[in-house]
Amino acid sequence: MQEITRDTLISRAKELLASGEVDRVYGWKRGEFCYDVTPALFTDAESLEKDFEWGDFCGANLSKYLVEETRKSEGKILVFMKPCDTYSFNQLLTEHRFDREKVYVIGTPCAGMLDPKRIRDHAESFTSVVSDENGVTVSTLFDGDVKLDRSEVMPDRCLNCKSKKHVAYDELFGEDGGTIASGRFDEVEKIEKMTPDERFEFWRGELSRCIRCNACRDVCPACTCEKCVFDNPNSGVENKAAENSFEEQMFHIIRAFHVAGRCTDCGECSRVCPQQIPLHLLNRKFIKDIDGFYGEYQAGAEVGSRAPLVDYTTEDIEPSDAVKGGDENA
Amino acid sequence: MADNKKLKEDVLAISGVNVRKCMKCGKCSGTCPSYGEMEYHPHQFVSMVESGDIEKLMQSESIYKCLSCMACVERCPRGVEPGKLVEAIRLISIRRKDANRLTPDRISELLDEDMPQQALVTAFRKYTK
Amino acid sequence: MSISKEPYRPLIVAFCCNWCSYAGADLAGNNRLAYPADVKIIRVPCSCRVNPTFILRAFQRGADGVILCGCHPGDCHYTSGNYYTRRRMALLFSMLDYLGIERERTRVEWVSAAEGAKFAATMNDFCETVASLGENKRLEDLRCKK
Amino acid sequence: MQRIGVFVCHCGTNIAGTVDVAAVSEALKNEPGVVYSTNYQYMCSQAGQDIIKNAIAEHGLTGIVVCSCSPRMHEATFRKTAAAAGLNSYMVEIANIREQCSWVHKDMKTGTEKAIILGKAAVAKVNLNAPLTPGESPVTKRALVIGGGIAGIQTALDIADAGFPVDIVETKPTIGGKMAQLDKTFPTLDCAACILTPKMVDVAQNDKIRIFSYSEVTDVKGFVGNFDVTIKRRARYVKEDVCTGCGACTEKCPQKKIPNEFNLGMDNRRAIYIPFAQAVPKVATIDLDHCNMLKNGKCGVCAKVCAAGAIDYNAKDEYIEEKYGAIVAATGFNPISMDKFDEFAYSQSKDVITSLEFERLTNAAGPTGGKLLRPSDGEHPRTIVFVQCVGSRCDSCAQKGKEYCSKICCMYTAKHAMLTRDKYPDTDVYVFYIDVRTPGKNFDEFYRRAVEEYGVHYIKGMVGKVSPEGGKLMVQASDLIDNKQLRIEADLVVLAAAIEPDRSARPLATMLTASMDTNDFFTEAHPKLRPVESPTAGVFLSGTCQGPKDIPETVAQAGAAASKVIGLLAKDKLMGNPCVAHSDENMCNGCSTCENVCPYGAITYEEKEFRMPDRTTRIRRVARVNEAVCQGCGCCTVACMSGAMNLKGFKNEQILAEVDAICR
Amino acid sequence: MRKITLDRLDEFFAAVAGKLKLYIPVDTAGGAQFQQWRAGAKMSDALNTTRSAKDFFFPQTENLMEFKTEGKKIEIIDVRRENEDFAIFGVRACDVRSFDVLDRAFLSEPADTYYQNRREHGVIFSLACSKPAETCFCGTFGIDPANPKGDIVCYKTDDAIYMEAKTEKGANLMDSVSDIVAEDEGGDGESAVNAQKEIISERMKKLPLASLSTDKFGGDKTAKFFDDPAWKSLSESCLGCGTCTFVCPTCQCYDIKDFNAGNGIKRFRCWDSCMYSEFTKMSAGQPRLTQLERFRQRFMHKLVYYPANNDGMFSCVGCGRCLSKCPIQMNIVKVMKNLGEGGENNG
């Protein structure tokens, strides 16, 4: 079995560019440090060689860029996707957000990404990160090297990875994995078991930090609206900044509701939140409820599946029975 | 008169019956196994309670002739439950006399092989407050 | 126990579908079945017209309870609207509860055009429930307070 | 900015009794946009409407708010008023301060406060209203009548008479319905068959009418004027156009012991059968469940004896699709099951029967050839007890029967009692009743004749219990007038079972999106003013599917429904509902979410070219609403994340404005 | 020079908090944040707060005025109130510089009275950075983290904090708490602070961005950079979110909006971001139609337009917040490095 490296990806991308199969490549570009990798478009072999990056910090989900990028020309785009990205890819296809024919997907293996925020918890002013089977070695400016367990510096979304399976690809690098029974609902359950007062305090504490930078929305592959209701002065709910706790709640409830049944749980929202609000716990609540009320449903698992909120059965649970908080069983 | 009103309220409260639902079909009396024994019949209980004529019912033997079989309750198409009225009036009567006519220690002497248990239960309902 | 002259009255916004529940409310009126004036009805074509935004907006603006009334499942004038409502509201209410917002402040009730009595009874019950919770504090916007 | 006029109606004292109408009109004067505000005794009266019209002209109003009764009552009235004064009808909003305010609140202060708030909400909404113009759609000039009883027959005949084609769909092998099973009809005692069968023949011979018997409606799509209906024609294994109805097959079929539905199981029929002699269409039908040939391929007698060669064992169910402009529901009724009324011993004795069974027992074409014989032993009954209101007028908490009065029982019981005494004067006939209800032409006279001329014993009281004892039926009942309990030894007990809508009505209502009440009777658009229309446009109601009624009433309603249908089909175009969804293509994501929830398939997509901010062009998939198909439920507006989809007349902004006004 | 040992820090905070509202950086689930000091609050050791200290003078949302409406009547309500005195402890050199940047925008005539009022009432305890991070590049803009500005400058060593009042405002405050923190006369203060400064200067040299220079930028460079081909690739993946602007200590754009509360209107301002598609939208539309234009605006403003109007002062202070917070890791450093280097794909 061939080892998949940055070079594997670059040489295949160069081949596809050279053959004319694709005319541009969406990938990741290295930056100043080991971790500040930027999603970027490459159009020639030279820049690929020079700047293309593939590694522990290529966490950004590239599927959303395809909505705009595919509209720009008739040419085909090569895009690299981790297993979780492919779910977003499929969900976007289900919603007719881009033309599948214009994209060439290479599935790349993923051992879980690393989270610079969590690395900083252990190592201040770090300059390089080397990871192998034995763990992660972080070099710092003033404190020498720090050795860490991979699990100590992986983001929650990777620790609770739901699937190593690529649900969409034209070509696959490495062996495909399967779905994983993760403990991703444990945190949600913990919150559910709190009393309503505790839950309220918990969320007020979290949401009060929101600065409405819209990073969660703008990075979210399910938030691809041509015009977001929160940006639209005619929508009646537009606002630029949360003036008080109500507006914080409003934004996050409506956003979570709009992606309910469509969110693939890719975890980008929590990754990008500058205030480290665990936004994925809102989305996961909906996912957990949907699974519980209407049967297991994984958004993006297959193209064309009917999202739970555009579906119904005559025997669905009543709203009054749906609300089962923790206070009864606490 | 005020007493009568109070009495009626008590009967209605104890029984939980809404006498206004009665459409005077007489099915209760048509169904009653004790009909022949009773001075006032189930349907009369309903109408007399409605008109507040409760003293008369309380004085009547009828309240003890009722077997508490509840057939009238079962069959009433309007769910009026005349049997419960009889019970309620009986209960008020017994309470007034402040004496149970049956006490648990007398049960053993009443027991015989042919006595259905239901009869005992019914008797208890009828003769105790 | 409050001894102020005007006891606290909750503000209830009721969204009623035109075909069943609004007609049910009219029937309650026809039959003179009283319920508190706290209830203010907004007519919508179907319960499925009610956007979660409307519900949150009502709370923002000072409502203490929001109730959504539609045709009974299976009886929707538009065949399936209330089935979608049922799913949307099940998820929304569950989310509100998850955020620690009192679950009793929101309700969905199916009221047919023939159920004037049910409409009045539902409103009486809901007003009482919401009144016992007191003012909505957890989804309030202080700017909108009087 | 709108120029809004507010018109507060007193509705006599209906509103003014609990709401200070002057205070309401005064308060609303100050609302943004309001330039005129007044109140009047009866806004819906001609004088009231004139006030509105004059104000529109005088003050240049661009929108009006009427604070009055429910919009379900007079919204249409005031819209017409506005239109007459040159204002778009959709610039009118109603604040419901009667049904939802003055009638439910007792206190003047709270009533007035609430009325003002409701008025403010309506003003806030009108401020955001825009003139709307209804779209037009063509009308398919063909009607569908579902149910082939007397209601369906009469409706179909009347529609066909006006020159429009009509199809009747009937689940049974023949049309005729319940009336075909009756013996005589009250109060004239003419024979049901004699007056019904000519009409059945008329239907068969009318070239405008097609009969789909042994068929059912399986799918309804579309909307008023443009329904697409799928009809399942169940295989009857006999070619309808070949069968001559000679009946040879029905005599030779070896399967003889099948309970005959037409006679309510009181005798038997064959596996191939014609329900009754005057059946229309008069063709045989093979009963799949009992035919040996169809079950295991062993028989084929009918095919052998059929001179016409009409038997086709390989027939399959067929589905036909047809377009209709109007649909009439005429699904009829059935007696309720006697399962929950075991005190009358229906399940214990063959001699306790329902009134419909009694009809068959006295019918010359019935199982006894018209002789009144006890089902158990074929003896003449000497004492007959009729019990009325079995399962009717029950309280809902008793959970047994129906809350309503079945309406027809008093009269047919009188008829049965009278006919019995007429034919068999030696028979004692008792009728136990709760009330005898005879409002109808010659009805009470008929009942009195039963008592006075025929000596029927009418006893005010109810039967409590029937117990079979030694071949007799011991009937225990109360006589409320004499205040005694009776015990009558009867030979036959006849139960006037309550009637209920046919079970096919509920799924049909779902397909038609027509509403029903809790008893499964179809709801009329208005109980007094639109009694033969369903609230669903293009769907009409005929006969007992709407509520219990007797034959003359059914025929009258059937005619009324027909005239409504004719009125509809006579139009070339229909004005649609302008309160339909609309997609803002600049915001549309083309994600198909709205399409997925639309119950009418009103949303389609197209690829559209857009100019981008950087002056390039992009092609995007965007939703388009077919306004003729959209019914305006608004489901799509909530499904749409971007808010591109909005509902005219109930726009997001309008509803939010109402919310704001109420919560202000 | 005054000295407070770390074990008595709480006492000091309590004493200051007794005089005015005191804010200190505290660790939260969202990183370090300034919070009002309360007994038991522990000062964060983090290099910097997630949000910058600009919030104190230029809050994210702020009511400017109100209108009370009743029917058609409208009444204007002035909501300006004299601000309470407050102090912020632990402001880093970069953030202190940001106040200069903001002052130039808000205090130049006509002065923004809301901002001015807060500024007048705020006392700044700056804190030298003993351990800068890899994302720091304040040196690029001539900021010396060893010698921060501020009303009171603080140096933290392993066991104590040394403080020196630099302004009258600072001196008054320190005098008022001199019973807790007395003048460190003849103590080790001078030498400890100098040693600290030495360490900081050494560490600054080691920073990966130490060599980043502003030489090619300045107020006269509009023509040079405006049509630079690098903008395209730099802005290509920008999500258009406002993270960089909202964590930036110098971003100063706001929008004024009306909130109709039903019973009245609150006219408020809130931060705006030039990265947003609705930014400066006017009746004629949006002047910057593409993300490229909006992206360019932000960095041109920091590096060219602002210096052009402010005597060459750049409106970036090198705090590095945008480096660690940008969802796609695009930032001003990459912009500075790539602009003017020719070629669209020049990395």
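Just a few scattered comments:
We call the chains A, B, C, D and E, going by the order they appear; numbering starts again at 1 in every chain.
We adopt the following convention: a contact is a pair of C-beta atoms (placed from the backbone, for glycine too) under 8 Å apart; a residue touches a chain by one contact, two chains touch by 3 or more.
This structure is a prediction, so every number in the text was calculated from the model and none was measured.
Chains that touch both chain A and chain D are the following: C, E.
Minimum number of contact steps separating chain B from chain E: 2. Common neighbours of chain B and chain C under the contact definition above: D.
With chains reduced to the mean position of their C-alpha atoms, the one farthest from chain E is B. Put simply, the C-alpha centre of chain A and that of chain B have 73 angstrom between them. Chain B and chain D have CA centres that are 44 Å apart. With centres defined as mean CA coordinates, chain E is found 46 Å away from chain C.
Within chain E, the positions touching two or more other chains are listed as 259, 262-263. In chain A, 229, 236, 243, 309-311 are the positions where the chain touches two or more neighbouring chains simultaneously. Counting partner chains per residue, chain B shows two or more touched chains at no residue at all.
Pairwise chain contacts present here: A-C, A-D, A-E, B-D, C-D, C-E, D-E [touch as defined].
Residue ranges of chain D in contact with chain C, taken from their complex: 70-73, 96, 98-101, 103-107, 110-111, 113-114, 117-118, 121, 509-510, 513, 515-518, 523, 535-536, 579, 597, 599-600, 631-635, 637-639, 647, 650, 652, 655-656, 658-660, 662-664.
Residues 586-593, 596-597, 605, 616, 618-621, 639, 641-644, 652-653, 656 of chain D are the ones that touch chain A when the two sit in their complex.
Residues 28-31, 33, 47, 50-51, 60-61, 131-134, 203, 206-209, 233, 236-237, 239-243, 245-247, 255, 257, 259, 268, 270-273, 276-278, 323-325, 327-331, 333-334, 337, 345, 347 of chain E are the ones that touch chain A when the two sit in their complex. Here chain E touches chain D in the complex through residues 70-73, 260, 262-263, 286, 289-290, going by the rule given at the top.
Looking at the complex, you find that chain C touches chain A at residues 52-53, 56-57, 59-60, 73-74, 80, 83-84, 86-103, 106-108, 138-143.
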